[in-house]
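In the two assemblies presented below, subunit A is common to both, partnered first by subunit B and then by subunit C.
And now, the complex of A and B:
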């Protein structure tokens, strides 16, 4: 599934459509602590978290995540949004808890 | 690539919006030089953690990077408070990060362990009240 297909599936809301529509969503990753994400998220990961700030964006760029999904209705703060727009990072949202949201995508990727 | 390429980055200790920029820039440059992805990933992880530590624990500093055909060497120097007990600081989960930093997702206490894990050599020179210099080397296989 590509990022564009994930967006079009309507599974999650859209906060920022990035510059990577054709990027393949390869894996599901969930954690809020940046040091864990930095070492464990791999290229193509869809990253589920409640941390919506610029540091989340920075780590997503460095690890080459395909997208970030902010769960539990968590918002992306203003500087985070600016950074996501600048760097072309796809950020989605959902009111679901992290586990349920990640499971939804996991089922879809099977 | 026969020569050694040298890069320097100033890390602003107050500006969280720019934390990670040096790592991003270096990653982009290494990609352009066709350094193997595995080595780039290690450098990006180690450098990001080091850069963040300079911002959250040491009011910023300076990073020097040397890229040769065999390895990438990063030297992160700050004039922060220094590290009292390096052995303790190296333990997974140990962190003195304050709550306001933790709410941003930092402070897992995994920075130094990650830096050690993802580099081929790591050395910490630190003196209380003077500063800390972390030297890391990633070999290009």
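And now, the complex of A and C:
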């Protein structure tokens, strides 16, 4: 599944459509501590978290995540949004808890 | 006496701090705004504090020295000292607890060390916004050991704060001062967390851009216009 296909699936709401529509969503990754995500998230991961700030975006760029999904209704703050727009990072949102949201995508990726 | 303050300002050493946040610009702006006391608190480093000290002395502003420490739980805590040497020793210790991740300036931003004349004299290589290997429950004793005060930062924010990341105030806490982004939340927070009733409350700008530095709004009641008196005021209940 590509990022574009994930967006079109309507599973999650869209906060920022990035510049990577053809990027393959390869894996599901869930973590809220940036220090862990920084070293553990693998390239192509869809990253499920509640941390919506500019550092989340930077870590997603660093680890080459395909997209970020902000769960539990967590918001992306203003500087985070600007950073996502500048860096072309796809950020999606859902009211679901992290586990349920991640499981939903995991099932789709099977 | 009333001392108007801003004790949480990021310089160009913080990757997220604007490149214009040179120590000279920060101290100059603080003077223009009529602040009495400031602290430049970069993420996990005090390396721009020497320049701040020199400038503050020239401008006649009181400076505290320290950093915004990121604990292993990614809770942000201001660690403030009345003397540069104490802060620098504390900074040395914290640097032994860094996670070994290098900064990538094009992604996170530059981490520049400046002198008082705006010369860039170095660049920190380790990523400073990362967590350290220091747990929240270690911070109070650590600050005491180096002669400073710990202040959990912006505890009303929903990221990187004591209440967001830990979700509660540990029973064995010893800190006596907290920082709120919005002081108006204090009463409400006290109902949920009665511990806060015995704390001093400060409110800082957390500025990453020059224009965001506090105006002359928030003040501390201190016995004298000295760094030592301000630290005492932060520790005692007289704000």
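Quick note on the criterion: the second predicted complex is superposed on the first by the 110 of 110 C-alpha atoms of A that agree within 3 Å, B and C clash if a C-alpha of one lies under 4 Å from a C-alpha of the other, contacts with A are read in each partner's own complex, and residues count from 1 in each chain.
Please note the rule applied: contacts are C-beta pairs under 8 Å (C-beta built on N, C-alpha and C of every residue); 3 or more make two chains touch, one makes a residue touch a chain.
Being a predicted model, the structure only gives us computed values, none of them experimental.
**Student:** Tell me which partner A:61 touches in the superposition: subunit B (first), subunit C (second), both or neither.
**Tutor:** Both partners, subunit B and subunit C.
**Student:** Would you sort A:51 into first (subunit B), second (subunit C), both or neither based on which partner it touches?
**Tutor:** Both partners, subunit B and subunit C.
**Student:** Using the superposition described at the top, determine whether subunit B or subunit C touches more residues of subunit A.
**Tutor:** Of subunit B and subunit C, more residues of subunit A lie in contact with B.
**Student:** Is A:34 touching anything from subunit B or subunit C once the two structures are fitted on A? First, second, both or neither.
**Tutor:** both
**Student:** Which residues would you name on subunit A as touching subunit B in one complex and subunit C in the other?
**Tutor:** In the superposed arrangement, which is not itself an observed complex, subunit A uses residues 33-35, 38-39, 51, 53-55, 58, 61-62 for both subunit B and subunit C.
**Student:** For a test of understanding, state which residues of subunit A touch subunit C in their complex under the given definition.
**Tutor:** Where subunit A meets subunit C, its residues are 33-35, 38-39, 51-55, 58, 61-62, 74, 77, 87.
**Student:** Quick one: in the complex, what on subunit C touches subunit A?
**Tutor:** Residue positions touching the partner: 16, 72-74, 99, 101, 104, 107-108, 129-131, 158-160.
**Student:** If you look only at subunit B, which of its residues touch subunit A in the complex?
**Tutor:** Residues of subunit B touching subunit A: 16-17, 19-21, 23-24, 27, 44-45, 48-49, 52, 104-111, 114, 117-118.
**Student:** Under the definition above, what is the set of subunit A residues touching subunit B in their complex?
**Tutor:** 32-36, 38-39, 49, 51, 53-56, 58-59, 61-63, 79, 83
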